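Think of it as A, B, C and D in the order they're written, each chain with its own count starting at 1.
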Amino acid sequence: MTPSILYIACVVGAIGLYLIMRPHRKATRIVGTIAGAGAVAFIMVKVLEGLAADAAVPILEVVFGLAAIAGAARMVTHPRPVFAAIYFVVVVVSSAGMFLLMDAEFMAFSLIIVYAGAILITYLFVLMLAQDATSTAGEALYDRIPREPLAALVVGFVLLAVLSDAFLLVDGGVRPDAPGMTPSLSSVEEDRWMVLDGLPIQLEETVAEILATDSTAAAEFTIERIDGRAIRFDGTHASVDVKIADESRNLVLPVSAMPTNAQLVGWSLVATFPVSLEVAGVILLMAMFGAVVLARRQIDLGEDELRVAAGMTPLLEDEESEFAGGSS
Amino acid sequence: MQLWILLLIPLVTCIGVGFGGERNARAIALGGSLVTLAWAAVLAMQFPHWQAEQWAYWPAPEDNAFPVLPGLGIALELGVDSVSLLLVLLNVILMPCCVLGSWVAIKERRREFYIWLLVLSTCVMGVFVARDVISFYTFFEASLVPGFFMLAIYGGPDRREASFKFFIYTFVGSLFMLLGLAYVAWQHAQQTGDWSFAISDLTAFAPTLSAGEQGWILLALMAGLAVKVPLFPLHTWLPLAHNQAPTAGSVNFAAVILKLGLYGLYVFILPMVPEAVVTWAPTIAVLAVIGIVYAALICWVQTDVKKLIAYSSVSHMGFAVLGLIALNPLGLQGSVFYMLSHGFATGGLFLCIGMMYERYHTKDLREVGGLAFKMPVWSFFFIVLVFASVGLPGLNGFVSEFLCLIGTFTAVPDAKTGYPGVLGPWFAAIAATGMILGAMYLLYMTGKLCFGPLREPADHHESEELPKDLSLREIAALAPIALICLIFGVMPWPILHAVEPVAEEVLKPYPALVESHFEQMDATAKVSLLSDTTLEGSR
Amino acid sequence: MLSAIAHTTLATVAMAGGGDGSHGLPAGEPFGFQVPIAPVVDEQSFALAAWMIWLPVISAVLCGIYAALGVKSRLPAWTTVAALAGSFVIAAITVSKLDFAKPVVVHLFDWIDLSWSSGSGTADDKWHGLRANFALYLDGLSAYWILFVTFLGTMIAFYASEYMEEDKGTGYCRFFAGVSIFLFAMTALVLGENLIMLYLGWEGVGLASYLLIGYYYKKPAAVAAAKKAFIMNRIGDLGLALGIYLIWLEYGSLEYGALFQALQAGDTGAGQYDGWAATLIPWCLMLGAFGKSAQFPLYVWLPDAMEGPTPVSALIHAATMVTAGIYLIARTMPFFLMNKALGGHALEAVAWIGGLTALLAATIAMAQYDIKRVMAYSTVSQLGYMFMGLGLATSFGACYHVLTHAFFKALLFLCCGAVMHGFGGQLDLRKLGGIRRVPGWGVVCWTMLIGSLWLSGVPGSAGYFSKDEILSQAFITEGAGFRLLGWIGIITAGLTAYYTFRVWFRVFTGPTHYKPDEAHGHAGHDDDHGADHDFHPHAPGLRINLVLTILSLGALWLAVGYFVGDVWGTQTWIKNAIENSSAGTGLQLMPAGEHPTLLGFDPHTAMYFISGTFGLVGLAIAWWLHCANRKAADDLRGWFNGRAWIAWLPRAMEHKWYVDEIYIATIRFPLWIAGQALYMFDRIFVDGIGVNGTARLPKIAASLFQPLYNGKLQGYATSMAGGLALVIAWIVWVWMRGSV
Amino acid sequence: MNDVAVSLTQAGEASTMVPITTGTIQIVLLVSAVMFAIGMVGFLTRRNMILMFLCTELMFQASAIAMIAFGRMHMNPEGQVFVIFILTVAAAEAALALGLVVLLYRRKPTLDAEAWSELKEC
């Protein structure tokens, strides 16, 4: 695939989206949908073509991706806001599926809960709150007619062209199999085991479980730490030194004891980004305050009225008398 | 550390003003400015170089530096030499007077006003004590902000235009200055391998640049500084800003802000680009002389007092610039003295006009006049300050004007002073007509305003909060200034002595440069010059 | 007292009597003068001298304090009189201790003091510093000057204590503060040890003059006159300042001692700049002197200055301040002599301008009606004589005339003041007459007669002697047309006698009639004698009469002193003082031995007769036209007015030859127009096109993009996103791929 | 590859250790880019203020997908952490934006963004 093909596909996609936007005829919408979907599909095919022959085809990703794109396209073109919001749910669900495929289970479900469950509902509430009664008769004019679609499309698809160019074509695109792009698995595993090292209770439970399968061992044990670290990873196996009744034993930890993805995320959140986490909390809090203040009915009070309301005496205007007298 | 405290006191006072309530704002501001004054006085007493043989900063800026980005050589360094300390003193002495002068004039948004005033004070002091380009430039530009707000919020009817013009004009100019300074710093980094923004490093380095580069640097720096000075024809922001500003603003603009430009000339241009200065000095001098005569003539036809005094600043600053580029100790010391004496005299005049304005709400000479009968005390101070401005011997204006002019006069190629110059009698002679014109317009103003039958605006009625003549508060604001004008006129030598080592240090490279400049001059011109002088001598 | 002082000093210097100036000076002096030896710094024996300066300062400060305290008594007057009298006494003591041949410097305190050591020059120390300290230079010239300045100051302050009585209160304090400031400045001018201190005094007297002329500040005319005086003086000051700069440029010092010694050694200046040689110095100084001493073309302020109170006119504008120009040239006479020795014409210029001013002012004085103005023009005219004397290189004559003139002109002014004071501000000699017979006016009448006689130079009067000293010199000194100049001076002497006695006869003789001046009432006066019908002149009181008497006695003594100079020593004392100071010309400029003759006589002898005759003729004409046969005056006027070819003459004389109008038309108005034009230029071109135009350029450029800024949120967002796209495109295409 | 095989045989599970394939990530990134572009186009063309904000949510979504993909590629959890922050910002933005919309709607009873053009400079 050369950049020119990609760019032409982008143009086609843009034309497709433009046709979908036009509210007049169903036919144009269909043509647009075909063009857009075709362009996307064409690029995807081209991407997959470039793979090694023996590589597996990511069917599910393609499916979820197409669903998300379709939902997005419909969302930005649908003349009725509520429907647009519903199509956004499609996008959210499809992306959640892609998250799942990329081992981000926790994020997939929080996405659905937060977006589909909370944010979208808020949007819907506001939509219904703000939609005037006449809109039941039909879509509002401003919902039906897009604003300067050509300029927006040019901008948007230039962006798309260069982004996808960067992702797919420049230096062969994003290539995990290129040397140095992905970390060695042992280091990834070591990192993960070290997370367990930071979770002493879970480590103890794991050790207890292993020891429980071993009837010879006593129930009482202590985990030995050297330089504060209990787990030692030799490149393939993680093991723990455990002292049971003054006798040291080296326990190899099973792979199943490795922290889960969700645990990893949690660990990263509190261990690596604690300040950002706090800031995020503050942002949410302030957003809440802000929403409360904004939604309140606004009354302007003068300074004196505020002082009176706060139980203070109002300002007096008799202050010019101090230095004024006494000239000869 | 002492200097940091000096800068911090007004800022801390700002907090006090901010939280002290609308009623107490001015009292707190007065207290703060008095504390600043006291602290500055302490510094002045500690300052070890008043009578020094050698020029030096105090405290040594390196000891006082606060590294910001060590990799880029950016460090905040503070230090004073006698010139900058004198200018700091000018500022801190005028500050309480400004507060007292605005005591009842500012009726609304007082806290904000005094905060801006104090911030302005900090900024200008920052400029004077900064020993590195970064903080110099930062303070230099930061001083625009309080000035802008004082002008835009508390100014006269044209305050919008005035504030915008003030800000944008001076700001655009300073950008060129930044460019010039950045170029010097960059070249320094290129050639020595180390980034440094310390003024001492750059001034030591810059003269090694080629003459062409120096010329461009001079132009860039002049673009910023000449606007501030202001030098003809870059002066037009000044009458507008002075005219529209509230009293304290006008005082500060005239007394301190204008000095930033001259101080910049002294601290950057003279030491950094000596070759270019020698080449360009006649051009600058021509502009200064034009400014002197031009502004003086314009003054004479003004009917608005504040505008008149504002134009007179343009005229007066011309003398100071002349003295500075006369390139001899006479002119340089005169110029430094001019900064101080103009600050006090013109600042005081603006205060006086402010007091009159509070009573009559007009600055129009056609509407108000003959106040000597009604306001004798005011007239007394006004006349003293007018004569200080006119340059009456015994008051401060004379010493500075005289030294600047004699410096210019003796800035001849073959001066026996050891400091040959590129100006000469003609410049001084034409500039000296400014003395006559100065007397003309200032006495015209005095005659209209103080003397003649009493004229008051038709709708004038006595204010209830202000007495007919000056109150004790107003006297307290004016008396120190008038007294200083007198003291400076009678005892200028302590200041002159303090500036001597500075002058010699700054002017050190010039005699040789001027001589080589004349050697390179057109051979025929040189020959005719020689023959003329020999003729004169043999007669 | 003067004579006593003179006796003490007489023995120290051998003097040849008479006026021929043939006393010996060492030959071979480069510029023909011998100035005193280097001044001795002597602070012990002359410690008191500082108080000559400080007493007026103290008095000024006290008067200011009185004003602030609201004192309504005569306290300011007595303070001032006491201070000035103290000054005079100290001056007398100081002078009595002084040896004229050995000038003394008394250092008071440091003033302007700059020095530098570095620089490329190899010149000697002179240029390596500018020193102008507050110090006194006591020699013959300054001693001579300070004596009559302080004496007249005391007298006139005493006179003013009565004259200004109606203004008791703030005005009184202000007046005496002004007088004190004036005396301070004048002493600084005269006693200053260097040119900058002279400049201090020079401008200081200008300030005092400004404040005192503008004393009646409610009167627009007074304010305008004050302003005019100050500005005209400033024009002169410009010359003085340039002279000072040039002196420093050429000689590297501003202290008299150093300068005179350099000149004595034949130093013609460093010659440092093309065209600005040391020979220019006298021309610059001359401009200063002409401004301060009201010579053509800068004399127009002096008549206007008569708007001030009369004691001020007497003190400042007749006796003392206006002689500062004479003092300046006398003080810097070595420069003039150097100029002459090098072939310059500065001295001739001084003489000619002086002589012509004398004639011009005399013609104007003949046609004025305001008696103070007559006196003012007469002052200008007499100052012209003094400059003529300086230009003719008879410093003695000039300085002697300064002294005699100071006495009789002060006397005349004070008499005019008494008249004005008594007659409700009336100064028009057509509306006054026969005052001699009004009770209580005898002293004024007779003292004024003495003053008039002295001014007219009738034989035997002091003015006669001092003027002759100058006039006869015109026929002795060689120079461009000096003989013609001498005749001009002689004619002027006749005119002087005429206009002086015109005033005296008109005011004091003839039928008694008077009426007050309604329009002219002082701002400070209560107009209780404003109305015509119940107007009663009030005769001068004791203090005025006393002062008038003392001054006339002084004037008499000056005349007698000249007559019997060798006995009383007055004349030799003065001659001694002048010739031993820097003003001494050495008189070598004349051919030694063989005097030129005038009408076959020695010029001095001849002049006694010629000028006496002219004076008497002038007096006689005045007597005929204004006393004996007043109708003849009207006939004469009618005769002039009836003939078109000559009618312009009296009118032009009355209108002061239209000089003021010419100035307004040629200088003031064009300057004003220039100011307006420049202001317009400033607004339209510099600010309008230059600044605002430049500021509008971005705006014009912006208007191209203005449609993008339509206030639509999404429009802005589109631009933002487009920018983002371009940035990313740049990153991808240029950075990452390296090509477009 | 050997290590992986060993650990796989040992555990018999833990697909987490497999690097993502080039095809997967490119497809996912492509989807993310397309979604972002569509979201931007929507933001620029929709006149309804609420939908404009919804479109910003779409763009958030797209960037979240990219984050996750890259996190997966580098096999560390930080991509997901950033998505949490994105969620935070999205939620805060939704709250405030909707509040503002309500406020604006009270002033002018329309949701048309074009009704608010006070930013115009002339």
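As a convention for this text, contacts are C-beta pairs under 8 Å (C-beta built on N, C-alpha and C of every residue); 3 or more make two chains touch, one makes a residue touch a chain.
Bear in mind that the values here come from a model prediction, so they are computed numbers and not experimental data.
Q: Measuring from the mean of all protein Cα atoms shown, which chain centre lies nearest?
A: B
Q: Would you mind telling me which chain pair, A-D or B-C, is linked by more contacting C-beta pairs?
A: Between B-C and A-D, contacts are more numerous in A-D.
Q: Take the average of all CA coordinates in subunit A, do the same for subunit D, and state the distance between these two points in whole angstrom.
A: 5
Q: Averaged over CA atoms, how far is the centre of subunit B from the centre of subunit D? Could you give it in whole Å?
A: Spacing between the chain centres: roughly 57 Å.
Q: Let me have the rounded angstrom distance from the C-alpha centre of subunit B over to the C-alpha centre of subunit C, please.
A: Centre separation, subunit B to subunit C: 36 Å.
Q: Between subunit C and subunit D, tell me the centre distance in angstrom, where each centre is the average of that chain's C-alpha atoms.
A: Centre separation, subunit C to subunit D: 92 Å.
Q: Note the residues in subunit B that touch 2 or more other chains, in rising order.
A: Not one residue in subunit B touches at least two other chains.
Q: If you look at subunit A, which of its residues touch at least two other chains?
A: 147-148, 151-152, 155-156, 159, 163, 328 - these are the residues of subunit A that touch more than one other chain.
Q: Quick one: which residues in subunit D touch 2 or more of the other chains?
A: Those would be 40, 44-45, 47, 113-114.
Q: So in the complex, the part of subunit D that touches subunit C is made up of which residues?
A: So the residues of subunit D touching subunit C come out as 40, 43-45, 47, 52, 113-114, 116-122.
Q: Quick one: which bits of subunit A touch subunit D in the complex? Just the residue numbers, please.
A: 13, 17, 21, 40, 43-44, 47-48, 51, 55-58, 61-62, 64-65, 68-69, 72-73, 75-77, 81, 84-85, 88, 91-92, 95, 98-99, 101-104, 106-107, 110-111, 114-115, 118-119, 122-123, 126-127, 129-132, 140, 142-143, 145-149, 151-153, 155-157, 159-160, 163-164, 167-168, 173-177, 181-186, 188-189, 191, 235-236, 254-256, 258, 261, 264-265, 267-269, 272-273, 276, 280, 283-284, 286-288, 290-291, 294-295
Q: Which of the residues in subunit B end up touching subunit C in this complex?
A: 165, 168-169, 233, 235-237, 294, 297-302, 328-330, 333, 370, 372-373, 376, 387, 392-394, 398-399, 402-403, 405-406, 409-410, 412-420, 424-425, 428-429, 432-433, 435-436, 439-440, 443-444, 447, 450-454, 490-493, 496-497, 500, 503-504, 507-508, 511-512, 515, 529, 532-533, 536-537, 539
Q: Provide the residue numbers of subunit A that touch subunit C in the complex, in ascending order.
A: Contacts found on subunit A: 147-148, 151-152, 154-156, 158-159, 162-163, 165-166, 170-171, 328.
Q: Quick one: in the complex, what on subunit C touches subunit A?
A: The touching residues are 68, 70, 712, 714-715, 718, 721-722, 724-726, 728-729, 731-733, 736-737.
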